[in-house]
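The following blocks contain the structures, represented as structure tokens.
What follows is subunit A paired twice: with subunit B in the first complex and subunit C in the second.
And then the complex of A and B:
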């Protein structure tokens, strides 16, 4: 290849960016939204109040488990952190029963009273969609997501080499100049949060460590189980004591767990063999402490004696934890969280403008723009379907949460199906319509769907925007207002595409096209 | 049917080298480094975790380097020259080899 390093990197950037680009757009968008997954969960469960779990609520859970879960093989208690939204739940099952046969009860985190909010997976689904996708085995999804992230890493590094004038490009955003504007927009959004993209891509790969390159494990350990046994040592076997004995009060057990390791906050607690003298407790943390412990704390659930704490982590394991925490940002307060969210949005726009740039650049070279070759046609349609279809689907997910009847069978699944039905609808529509019309209609559909969310919310719940503002409920008000802002942005984008195309028909400017290097 | 040009073969070979070739090299290098670190006394979990964290950077560098290499043949020779000793290390010193 007789070319300079920069030229070959430009070529590499184009193709490692385009081929996984649609997929990356989806991963970026869902990941960005997932920074607010608990706030979204809260909005999607308007029946419950949010907030940290109180000692009173722990007592309520304790009472329910003692009264109704006698003779159960195990009790589990999921304690959400202060951001809430996911409900404070307890569950239990008969000895030997399958996991799916558990009885689950959700409690109000403040009062401990039993509540039954609508069946939804809330913001948690949007978070899982970010790396587990949907309608496919989780491992396949993680292979695909890891491969896309690896391509993204190569695209970022080759992109940096391609755009050597990074600081000059930062101040250069020319509007209304066709291809130049798309290139400028791509460069500005790329450069603006460049350290964030490198960090988020690399830490994302580390979050799914051993997915793509499991061979360090296969070469270093006799078996995969041997690795897991060494990395996550299990609890010492409890003494087999016969006879009944009551479990210590739940609030004392949780307090003992939290004092066993500095900074530890129990998030998911399992009591094994409650009611017997050999009852034990495993607790996993809430993961909102930066670089905090991952492993479990084990207690004797009758005496409260600490049996095991997570082993001290070495340098590499600590690096891995810090990277995962940097990626997920669970530790961040509202300011840093907003910065994460905005950087993620810029990343989504960076991928989106890169995808559009690929078609804009090639359209000027088409012999007949009305009858492009198949690859161009496909890229253009996929751009419309992904860039406008994904947000439309997410708006539909929120709308379905408010509109589906509460007693619908598998209601939570139907919320998710609604997301994909709308998304698929936009895809079919984009295939059938001329490209410009497809853009305008896709963007308008997004604007309409997002604008409908606060309206439907006000009509179906007592927690509409006006009511929330009067109550001083900032979270609900902020959610509705951000829906309106999103709708306004999509409406503006639709209006721009509609009017600009009419005024300035695309001109063929081969010199400009040759000068651009993206 | 038109004969496939040498340039086309070269491009395909380069793309395969920059993807699968770089992938295989990264896997071998990661595994061999982990095995060597353990032989030098490192904790096995730490060694496997640390080398795998670094593997993504190794892949990115390898992919860009193969993509840019002056000739594809040279790139493949280098992939083999680095990969072969790694494979030997994994096969002779790896945990499964040691366990018999």
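And then the complex of A and C:
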């Protein structure tokens, strides 16, 4: 059977594509959405205005910390970048208190006034789901994601070898031809964004480098902590200075941090022992500069003297940083971000069409299509549950953000639970229904849920689509419009499955069944 | 604002590459072009893709320019495929009086 190299590659492609395929679909979809995580966070916190943190807001944070956080062991200030969304927050804890017992206050990034937006993890959760999953320890999730990414790389390379006519069929997409159409769609989405897939899969593996290759650290360092200590040195031990001394104004401290290293933009600032003469400051940068510094800048928080700047990165570290930045695209402006997003969507469609192709191809060979063998039945149900259930869950996450009461205990967790409840519901539904009905109903459910998002937004906040367009709020308007566009796409897909399948009987010609592709 | 010229040049380049292929010539032009004409079309197509790359890099620098070029090439590729798939519809629409 596997007589030629290409046939063995086709077999490899089928199984490295199928088994982790459902998982890859989820990773691709969440990763794609994560390119807009801050915009999503902004939409999910309609109470706050977004934008870069102003000097006035820094003064506001300074005043709050001085008035309300006297005697605290440390202050932290999280400064979002210009895309905003994640809020400008300060927090503090009494000396000796646990990290979890910190008091946290969110401020308006423009005015510095205290705000209390609804409790949500916003787009950040969708980003973390991309590689940390949920309801499981982070390390397990990362091993799973690493394995899936490795399989993806194998599937890409074996897929290139398997695809006989990359150039001859470069522009070919024929609809209405059953299995051939699915193969065309899989090929076209795979070939058109192939450089992106290679880049994103390889750099994704690089971002999980130490999960996959812990030996790189253990060969040269006694422990992982020792490596991180060497790579990201912590603050030099503060001189033991007794007596009280005021911390320099926050605005000046931030400005000194930003001038200590060219191009540095403070993103996460900790002031240790504020109010004492030995107060120090550690600042970590925002990550929106390509290949920029990742280490921290340390200052004397009383005098503002620079104590340490990040060590110059070596070749290997710089390579790793550049690859991770290439993967995450945080540096990109609106144009590049859109391209990252579009390429990611094609990737999601590529994985989805590949999964469907597996069942379409085998359906023609089933002795009795109404009673398939278990593996086929499972693959078909998982296709429905993953391809329609994941987007449905994401729509439910957005809806829960608008519908859950603001004073609900652990509200942010319930938003996430809503996502998985709807997803699980679609899974159960898909198991119970005939496959064709399952597809139509799953796709229709997605269309209905996404269409509901702008409606519920308009009913529960003063920032509905019409209001956003009137006040020229492009971000909110674009979010609502993209929800409607997504709903329309799912409705179209549901309509196509409903009408086309009814007309064309399952093809059983031997030539079709023996497709050129595994 | 290098994005729009980069997209248009990529689109034009891929369109030329499409009609440089004999099987698509039959569909789009209803005749097969001589080999020399196909060669010229292919060369023209690649030249336009190269121009798109230069425009992207001139506007956004080597790094972002390269990324943007690949990205718009993908978008232009999907647009070309969509046009090719809907060829009959486009030709009917174009032939309307």
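The rule is short, and it goes like this: the second predicted complex is superposed on the first by the 513 of 518 C-alpha atoms of A that agree within 3 Å, B and C clash if a C-alpha of one lies under 4 Å from a C-alpha of the other, contacts with A are read in each partner's own complex, and residues count from 1 in each chain.
Everything that follows uses one rule, which is that a contact is a pair of C-beta atoms (placed from the backbone, for glycine too) under 8 Å apart; a residue touches a chain by one contact, two chains touch by 3 or more.
Predicted, not measured: the structure shown is a model, and the values here were computed from it.
K.L.:
For the combined arrangement obtained by superposing on subunit A, do subunit B and subunit C clash, or do they fit?
P.N.:
In the superposition, subunit B and subunit C stay clear of each other.
K.L.:
Of the two partner chains, subunit B (first) and subunit C (second), which one does A:188 touch, if any: first, second, both, or neither?
P.N.:
second
K.L.:
Should A:342 be classified as contacting the first partner (subunit B), the second (subunit C), both, or neither?
P.N.:
Second partner only, subunit C.
K.L.:
In the superposed arrangement, which partner chain does A:290 touch: subunit B (first), subunit C (second), both, or neither?
P.N.:
After superposition on chain A, A:290 lies in contact with subunit C alone.
K.L.:
With both complexes superposed on chain A, which partner does A:314 reach: first (subunit B), second (subunit C), both or neither?
P.N.:
After superposition on chain A, A:314 lies in contact with subunit B alone.
K.L.:
A:196 in the overlay: touching subunit B, subunit C, both, or neither? Say first, second, both or neither.
P.N.:
In the superposition, A:196 touches subunit C alone.
K.L.:
So, does A:428 touch the first partner subunit B, the second partner subunit C, both, or neither?
P.N.:
In the superposition, A:428 contacts neither subunit B nor subunit C.
K.L.:
Look at A:332 in the shared chain and tell me whether it touches subunit B only, subunit C only, both, or neither; answer first, second, both or neither.
P.N.:
Only subunit C is touched by A:332; subunit B is not.
K.L.:
Residues of subunit A touched: more by subunit B or subunit C?
P.N.:
Between subunit B and subunit C, the winner on subunit A residue contacts is B.
K.L.:
Would you please give the vertex angle at the Cα centre of subunit A, with arms pointing to the Cα centres of subunit B and subunit C, as a multiple of 10°?
P.N.:
Apex at subunit A; the opening toward subunit B and subunit C is 90 degrees.
K.L.:
Between subunit B and subunit C, what minimal C-alpha to C-alpha distance in angstrom results from the superposition?
P.N.:
20
K.L.:
Which residues of subunit B touch subunit A once you look at their complex with the stated criterion?
P.N.:
These residues of subunit B touch subunit A: 14, 18, 23, 26-28, 30-35, 38, 43-53, 55-57, 59-60, 63-64, 67-68, 70, 90, 94-96, 99.
K.L.:
So in the complex, which bits of subunit A are touching subunit B?
P.N.:
Spelled out, the residues of subunit A in touch with subunit B are 1, 5, 8-9, 11-12, 150, 153-154, 157-158, 202, 205-206, 209-210, 212-213, 215-222, 226-227, 230-231, 314-317, 319-320, 323.
K.L.:
Hey, which residues of subunit A end up touching subunit C in the complex?
P.N.:
Interface residues on subunit A, with respect to subunit C: 168, 170-175, 188, 191-193, 195-196, 290, 326, 331-333, 335-336, 339-340, 342-343, 346.
K.L.:
Please give the residue numbers of subunit C that touch subunit A in the complex, ascending.
P.N.:
Residues 3, 14, 17-18, 21, 23-24, 60, 63-64, 67-68, 70-72, 74-75, 77-78, 80-82, 84-85 of subunit C touch subunit A in their complex.
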